[in-house]
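Okay, so chain A shows up in both of these, paired with chain B first and chain C after.
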Partner chain A sequence: MAASALYKAPDVAGYGDVPYEEKARLFDLVKADLRYPDYLYGCYECGICVAVCPSARFYDFSPRRVAQAAAREDVELIYQQMQEDIWECSQCFSCLRCPRGNNPGGIITIMREVAVNNGLASAREALEGYSRIIYKIMSTGTQVSPDMLQPDAFPDWGPEVKDVSDNLDLWRRALPPETLHTTRTGWDVAPRTLVELYLIWFETGALDMIKGVDEGLHMILEEVMEERLEEEGVER
Partner chain B sequence: MTIPVEVLLTKKKTFERDPERLPEDFHEEVDRLEEEGEWVVQRVAGPYVEVPTRYGRPKKVQMGHLWHHKSCGQCGHIPGYSTSIFWVMRKLGLDYHDPRDQTSCTAWNYYASATSNAAAQAAVALRNFAAAQETGYFPLVHCGTSYGHYKEVREELIRHPELRAQVRAILAKLGKQMVMPEEIVHYSEWFYAMRHEIAARQVRSFEGIAVTVHPACHYYKLVEGDAIYDPDVYGGQRTAIVTGVAQALGAEVRSYSTWFDCCGFGFRHILVQRDFTRSFATRRKIEVMKEEADPDVVLTHDTGCVTTLDKSQFAARAHERNVGVPVMSEAQFAALAMGAHPYKVCQLHWHSADYRPLLEKMGIDWEQAWAEFQQDIKRLENGDIRYLTWEDVDA
Partner chain C sequence: MQQGGEMQQGAASPGERVVVIGGGPAGLEAAWGVARLGCPVTLVEWAAFLGGTPVAENYAALTPNFEDAEAAMQRMIDRVSPHPLVDIRLRSQVTAFDEREGGGFTVTLSSAGDGSGTSTLDAGAVVVATGFQHFDPGRETQMYGYYEYPDVVALQDLEAMLKDHNVVRPSNGEPPERICFVQCVGSRDRQIGNEYCSKVCCGVASKEAIEVRQQLPGCKVFIFYIDMRMYGYWESQIYWPAQEQYHVQYIKGIITEVLPKDGKLLVRGEDTTMGRPMEVPMDMVVLSVGMEPSLGTRLTAQTLGLRQNKYGFIDAAYPPLDTVSTSRPGVFACGAALGPSDLEDSISSAGAAAMRAVVHVRDRSSVTAAG
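Entry: the complex of A and B
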């Protein structure tokens, strides 16, 4: 057991603690990702990544700490970061300025995926309020569509959002490119293309990733996709 | 000891490329994998412009016959962005294909919620590439994140045969082959490559228009090697796209100290933690630009950046922050230079920060333009026409 485990707090980032073995298992999953060796080369502790990191300016967050914890294989700290820090990263990849070629943002991408795949409490909490977006991207292939521009969803974006919402149908029809006339998807997507996308979600396990963080959403999406595949006569 | 800042800055005026430190050229790996039968490379075909990249290697940017890989966010809530790209191409007489068999890159979700994985992302990318190749049109990527992410995918596929095998099996089920374009090209690279042709068709003078540029992180930080850097723009120290276009159009590009900072988009933050996004966008970007450069307009070249920098200003006004500058893509800016209608083409009514003073400075009567747009809206309302057409916008 790591020495740091002897004097740690009884919970981790506000969530109940788990045995060291479970934390080690999660870290092993992170390390097993094929991208991991491309993202970590060891850390000088120079702090350049912190200096350019937007999240470090506003949160108790440090890409250097993430790279260090990974390099030192600090299982306890990695677990704590998976329950907290990783969701503060902006994924801008400014940290790629690292002189060692580390990619702390990329390590975080993998840590997030492991957190989602294993239904960690931080992942469930971070994705609360995100269901509609996941539904949209997985079911239509486009993440943002005009019917999402409802004033109640974006009150801080100013009155222009209400103007768009009020005039949506007319303003969409006033767009000359033919593909942009649809409000549900942002642009017109062929049925066959959706079928291909759904097969990708099924075949890569991406759809199943949602199960651990939002079971209801997973059920809905699975039903939508299976129905469409059946309609198109496509077998999985 | 005082840090000799001025001396350091003098030394850093021009980026000197060290030939000993050149990273590997991905083209060689892409070609090798084609030779080994791993994938088909869609070659640049027809007229192209060669542009310089970060380490001096030339990049081919095909001029016409392009497959437009649209952006979910641009089409969703900044539709004047993609409309302007199409409009400029039409004005230059270049043909293009606006496909219906395209999905988004899905990377906004990947970077926000992590409810995806490397195989899914690579399969989505290569499915789109295959769709482009089937038409014979060459892909042109509208979004900075799609562009950066596709380059990441290319790197991962080059390095990991097991990933290629997994993606190949999935694509086979879709009836598609593995396709990798010779170059992954962002629309702002096309604008940079075509800036002199665009400037040659300029009908509105932009003399006296002060511009600040926000370069999009995913354009030049993710897989940096094939982003455009020009020794004649910022001494090759910063990416040349957007700035090169604004300068070609006669605008005055002003620098500011936080140019390297991201916009604050954050992927998940813009959607579910916008306090961060708003604070970063206004305090680290807009306010710094206003204080140090006082621009008439902020130009950028990515879906998320236009959204963040534009939409974040409204709430900051309530806190009496020093904000209030219009934000648009250089595609819209270039279209305006070429005489595009501010509403029918550039669709500025979808933007939030007040763009009207800028239009006035450009010599555009926005009240008259709005009245013209409203006439078209009336025709749509009355059922005289179902949609506004390309012919209508230039009428």
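Entry: the complex of A and C
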């Protein structure tokens, strides 16, 4: 039985085929993150984070359980959460109102990064639908522009996409965004910005993160970036 | 001016002394307070030493500030012992209590220590500070096996180990790798008849948990609780540091049973916030026993004819704004004789009782003088 297993059946959290040592290694990576001590103090298990959590209304998801599992150093449960729960968080950080000053959403950010960096199946699965978005952000540094959200092209984004795209002009007058990107301007980024951006992706390892979850996308991005840097005469 | 001489004049009529029963923290504070207000005081203590339960039960450090318990009690003893208005009677108990004609009391003492046998004292007022005793875990209605398994201990047993810096499993002398505390043993339990919260056990268990982590950094410490009750500053003084600095694990759910298994103790309960049953192996189980009225409190209440509540503690007659008057005018109570109480409240009520006792004596003196 695993040393930290608190529960009746050692595999109560599932993933019995994954060695305990591997689960412990991943949790150690989470705990080693510089932000971790500021994100987790102690948990009252009061549930205020669940009460304010929009995801908790729609999924079997509880930021409390995430904070609790981390506080209890429950290696098995944390692994289960890295494979399941953390992808149900919308990263809105409503949970920051924790009376103890915890940041369950932040713990999830770290857990996600560890999951992505280590190519966990859940990370691959969760990011599958976002290949285009990742491609857009990493290759141009700008988000998908709202008028790209054509309902036919984004059926997985739900019925609101149609409403937004039909009435985009009205929406923008009601809630003016900082940039008024459209498909006409959304791809138009200064070469100097791209060079800086690509260097950042390379140097910080952000590009490497993609490799574990979407190898094809990683190849395309790497090629685009290397080509551009070569064109601009930038050495890495 | 040392002892407030002019105040003393008002209480100068002979015999107008205050008798304080009980030489623990509350009694020591009350006796010192009475003396400093200029009244003669006799401090009656059943045991052969002063200091009360913190000394008798080998407390390691006081809650919440971790001061060495014996040293802290010695400081109180050293303050009161040399005072010229203080008369200390060890190994003594009050065996009879009579109202005097014209007011005041005759207190009969039976002393075992100095061979003086029985003696009587005239008292203008009495302060009862006879305290509590730890709940006997043999009376619990779950199955914790305090008298069955050597590695099941109570809060005060662990205190003694902590005091000696020798926290080991009684069964084999090895330092434990996993310890858990079980809260509310003998408290908040209709089955047992103690429906009250004993107030201090959450803080004391958390304090001991911190001490265990300090002395045995490799030992995992768990606290199983119904709800943690560390009101006021205890929150940030004990609870948060226990969790955040010492990584004590608080798990909401009360242990229903302790079972021996493979040389360890298996504790069984529900992890309520995780919503699942648990069975966890432990090397030691510490029962957070609550407070019950001490034998001294029960006997003194009977001898002095004081109304007790259904649990045997002495009733404060006029709560909430008068916390120390008993059902008998001229007799005041303080500390854990009145019910579960932490040290801070015990010392506060002892001060209030001392003040009320001296006022009672002075009021009587002035009436007598006028009459």
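One rule holds in what follows: the second predicted complex is superposed on the first by the 183 of 236 C-alpha atoms of A that agree within 3 Å, B and C clash if a C-alpha of one lies under 4 Å from a C-alpha of the other, contacts with A are read in each partner's own complex, and residues count from 1 in each chain.
The criterion applied here is as follows: contacts are C-beta pairs under 8 Å (C-beta built on N, C-alpha and C of every residue); 3 or more make two chains touch, one makes a residue touch a chain.
Since this is a predicted model, take the numbers as computed values, not measurements.
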Partner chain in contact with A:G42 - chain B first, chain C second, else both or neither: second
Chain A residues touched - chain C or chain B, whichever exceeds: B
Partner chain in contact with A:R65 - chain B first, chain C second, else both or neither: second
Partner chain in contact with A:P146 - chain B first, chain C second, else both or neither: first
Complex interface listing, chain A residues touching chain C: 6-8, 12, 41-43, 45, 64-65, 68, 71-73, 100
Complex contact set, residues of chain C against chain A: 240, 243-244, 247, 249-252, 271, 273-274, 276-280
Parts of chain A lying in touch with chain B, wherever the complex brings them together: 33-35, 38, 52, 54-55, 57-59, 87, 90-94, 96-97, 109, 112-113, 115-116, 123, 126-130, 133-134, 137, 141-146, 148-149, 154, 156-158, 160-161, 163-164, 167, 170-181, 186-190, 192-193, 196-197, 199-201, 203-206, 209-210, 213
Residues of chain B defined as touching chain A within the complex: 70, 72-73, 75-77, 79, 82-83, 86-87, 98, 100-104, 106, 108-120, 123-124, 127, 131, 148, 155-156, 159-160, 162-163, 166, 169-170, 173-174, 176, 217-218, 221-222, 224, 260-262, 264-269, 271-272, 274, 276, 278-280, 284, 311, 314-315, 344-345, 347, 349-352, 373, 376-377, 380-381, 386-390, 392-393
